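Pasting in a structure now, in structure tokens, and then I'll have a few things to ask.
Note that the chains are named A, B, C and D in the order they appear, and that numbering of residues resets to 1 at the start of each chain.
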Amino acid sequence: MTTPALRSDLGWSDATNIVVRGYDLPSQLLGHVDFGGMAFLELTGRLPTAAESVVFNACIVTLVEHGMTPSAMAARLTYLGAPEALQAAVAAGLCGLGTVFVGTIEGAAKYLQESLAGAGDAPDIDALAAAIVADHRARRAAIAGLGHPVHKPDDPRTIRLFEIAAEHGFRGRYVALIEAVRTHAERLSGKVLPINATGAIGALASELGIPWKITRGLGVMARAVGLVGHILEEMQTPIANTLWRMTDEAVTAARTER
Amino acid sequence: MTTPALRSDLGWSDATNIVVRGYDLPSQLLGHVDFGGMAFLELTGRLPTAAESVVFNACIVTLVEHGMTPSAMAARLTYLGAPEALQAAVAAGLCGLGTVFVGTIEGAAKYLQESLAGAGDAPDIDALAAAIVADHRARRAAIAGLGHPVHKPDDPRTIRLFEIAAEHGFRGRYVALIEAVRTHAERLSGKVLPINATGAIGALASELGIPWKITRGLGVMARAVGLVGHILEEMQTPIANTLWRMTDEAVTAARTER
Amino acid sequence: MTTPALRSDLGWSDATNIVVRGYDLPSQLLGHVDFGGMAFLELTGRLPTAAESVVFNACIVTLVEHGMTPSAMAARLTYLGAPEALQAAVAAGLCGLGTVFVGTIEGAAKYLQESLAGAGDAPDIDALAAAIVADHRARRAAIAGLGHPVHKPDDPRTIRLFEIAAEHGFRGRYVALIEAVRTHAERLSGKVLPINATGAIGALASELGIPWKITRGLGVMARAVGLVGHILEEMQTPIANTLWRMTDEAVTAARTER
Amino acid sequence: MTTPALRSDLGWSDATNIVVRGYDLPSQLLGHVDFGGMAFLELTGRLPTAAESVVFNACIVTLVEHGMTPSAMAARLTYLGAPEALQAAVAAGLCGLGTVFVGTIEGAAKYLQESLAGAGDAPDIDALAAAIVADHRARRAAIAGLGHPVHKPDDPRTIRLFEIAAEHGFRGRYVALIEAVRTHAERLSGKVLPINATGAIGALASELGIPWKITRGLGVMARAVGLVGHILEEMQTPIANTLWRMTDEAVTAARTER
């Protein structure tokens, strides 16, 4: 058997070196880079500038904790049965970060990046937005990143994220495009369609040069942190057992009433 | 049915508020706190001081990327079969962060915290260390956080982490205790037993007031970030399919040689 | 709070009853139904006839064990790190049963069921097949359930499964349709495109009345059994650690040769 | 690099053969073995006799469906967020099958097998049982497989399983031992401690020669089937969204009442 080529450049070590992404971990990263910077490095292959770091950290901090989501409930219910395997409880919670919730970051980043990819140096933002909205309407598809059941007419996280982006020079063409998409979508639908947090993050991830295919990973990273927090609260003031009993009672009631 | 008490204080929102851990997310956290700070908040319930932030970030950055680990391999092999579900690939990778690898943070933090918990204000570090080592020897158990196959006589990450801790006032009694444990263990076993990175992090997490029961979560958080990086590399320069073929060939060779 | 309707009819129990899917578990299922029958009950809501049982069991038995797949490798690598959580190792292995491998059952069942759904009592099988193939060619999409790298011109599992189906009265219109799809696809592509095992199972699941949306579940059920077998072999003659070392060597070689 | 030994004997195929556990899959297994038989083969390395098949199938059928468990809830909540990845929803549900619920099969099988392993051909069952109970009391540990909140004084599944075992010649020394353990435990504790279903299955798995270390796998296999059933019901009459809203309301109520 000849050795097949298995190329990986993320990290390696030998007796004298511990290298991560081309940096000597002890001397060049520890004490110099924070967790957000490492996450940026994982997503882009380079360390962030100071301005990029602020914008990126704001995006990922937004995603850490959303309260008692289905994902957090799944993690807590898993911990109830397997308290010896905290990592599996977090894994169970992550499994639900699919197309419906966190995956909308990816959906928004995809149409923004694909739309601007072929649009040249002076894109006609309004025309691109019109085309995006028309395409979604033709497919009767919801536009990822728009709409919120509660935060209307504007999502306060989006306002703040775009403000931070503007302060640091990252309120660019992707932000302009999603804002134009919103305008067209509201006009054609007659609905109030705020740019929600995942839409804003899809746009800012694009500004930061993160490929849309990995943007769901932003939510996965951030929520892993939040789920560890939920497990810790579950250790201290548990609710999973009550949640189970409450559900079982409601299911029993629904059955016996028929 | 009376409403059961389901208490959770991590986050909530209504039409006008989005609150995480008691802070208004848009105005008090976004732009003010980085990802490491959010992770610290999740683990301790409060934001870190500047000094705590440096030490904590150094610990978690250490854990992000360890190269081609079994966990990274599992994530990549999962992505090969289900590229539409990046989150499940990360989840698969996390499932292996159990007692053998990352769980040693928890093991080290446990004996350090339990030992010092009842030791009063002026603990006899040397006596506590002797007791810890004696207890492990009586149970013929390995001492979590000691030993490394390659990094001898010292793990360069540990040297650097303890240096950063010293600079910021966190080289305290937990660090002293694990160093004394090492001394006793080496004397009794006759082996070279460096404090490895998970041992160092178990000690520093203890210095930072993180309960040992949740310290495995440090590794889970960090590795979730690293696994997203592996999935991105797998998208760009895939190896999972080659890994599979190589394994299949080796299994076939082992079978047909018998 | 009014009690929300949480309806579930799968199973319930009280002090005197343990009911699963409407049957008294101890007296009506235990000793009367086998594991395959229970799986059929879960997928269709009723117990199988004797003929259905043979065909269904043949399908699911086909899916249990495929040797050293990426899914089996992921499960073993996970077990290496977390031997205390066998269930998480199986879960990690299942996470990769997505669109690429086992998901092709679902792909085949979908076009077969959708095609015949609106085709009336005397469908023109040949015309339906031509339309399916044309649709795939227009979208430049592979046809799920056709083709195999090794088993040509025919997959021996498919031959046997269709033989068993014929003996028990289940070689019906879905089997005829996938055979016609194969004929058209081979003619238009000039390639040899055997109906592979997942294609055959997609057709037979359709004959058995299993909705295409849940057919991936057949593979998930079956492979869960196979993965437990892999974990048992891993306990007895472990390979995960060697697999890791071998991979690490190959990655190192690929890096240092550059 | 020399080829490392990666031995696996579960399955392999080449152009002309598809072999699983030493059997030719198409000709020797398909149509001849049912799903329960395949599961037995995975756990023991051989096909069951007719009597073994009945007992084994009864055990595994018992474990498939337990109604709205935390595991089923986690799977449904995961499916809500990632409906495109059914396999990940099942995986999330499996992650919770740890020490608390299904793991008790393993706990019971462990003390039964370890106790009888060194007891020779004519074991003193009563003395062994007394020793098991004394050991648990000394460690203040619950005895796995005993006790049930609802099914008292006896679990009807256990009665039926032991009846089936007796009819087929498998009510042997392991069953006798767990019954003696119950007697001693009830006498010393003054409590009613029925042998629950997991205890009965731990004993019968031991009678069937299944190593205790893999017995948790029985529950994992069976529950994977049941979880697919829950996902199918969730597709048809969904409850996860209501469950989430109900939980969120209760958490909100608990917070605002303080």
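Note that in this section a contact is a pair of C-beta atoms (placed from the backbone, for glycine too) under 8 Å apart; a residue touches a chain by one contact, two chains touch by 3 or more.
Given the structure is predicted, the values throughout are model-derived calculations rather than measurements.
Relative to subunit D, the most remote chain by averaged C-alpha coordinates is A. After Cα superposition, the angle needed to carry subunit A onto subunit D is 180 degrees, rounded to a multiple of 5. The centroid of the Cα atoms in subunit A and the matching centroid in subunit D are 37 Å apart. For the pair subunit C and subunit D, the distance between C-alpha centroids works out to 23 Å.
Rounded to whole angstrom units, the spacing between the C-alpha centres of subunit A and subunit C is 31. Counting only residues that touch two or more partner chains, subunit B has 1, 3-9, 12, 67-68, 82, 84-85, 87-88, 91-92, 95-98, 102, 239, 243, 246-247, 249-251, 253. Residue ranges of subunit C in contact with subunit B, taken from their complex: 1, 3, 67-71, 73-74, 77-85, 88-89, 91-93, 95-103, 239-240, 243-244, 246-248, 250-251. Across the interface of their complex, subunit A is touched by residues 3-9, 12, 82, 84-85, 87-88, 91-92, 95, 247, 249-255 of subunit C. Against subunit A, the residues of subunit B that register as touching in their complex are 1, 4-15, 18, 20-21, 25-27, 29-31, 33-39, 41-43, 53-54, 57-58, 60-62, 64-68, 72, 85-88, 90-92, 94-98, 102, 150-151, 156-157, 159-161, 164, 211, 213-214, 216-217, 219-222, 224-226, 228-233, 235, 237, 239, 242-243, 245-246, 249-250, 253.
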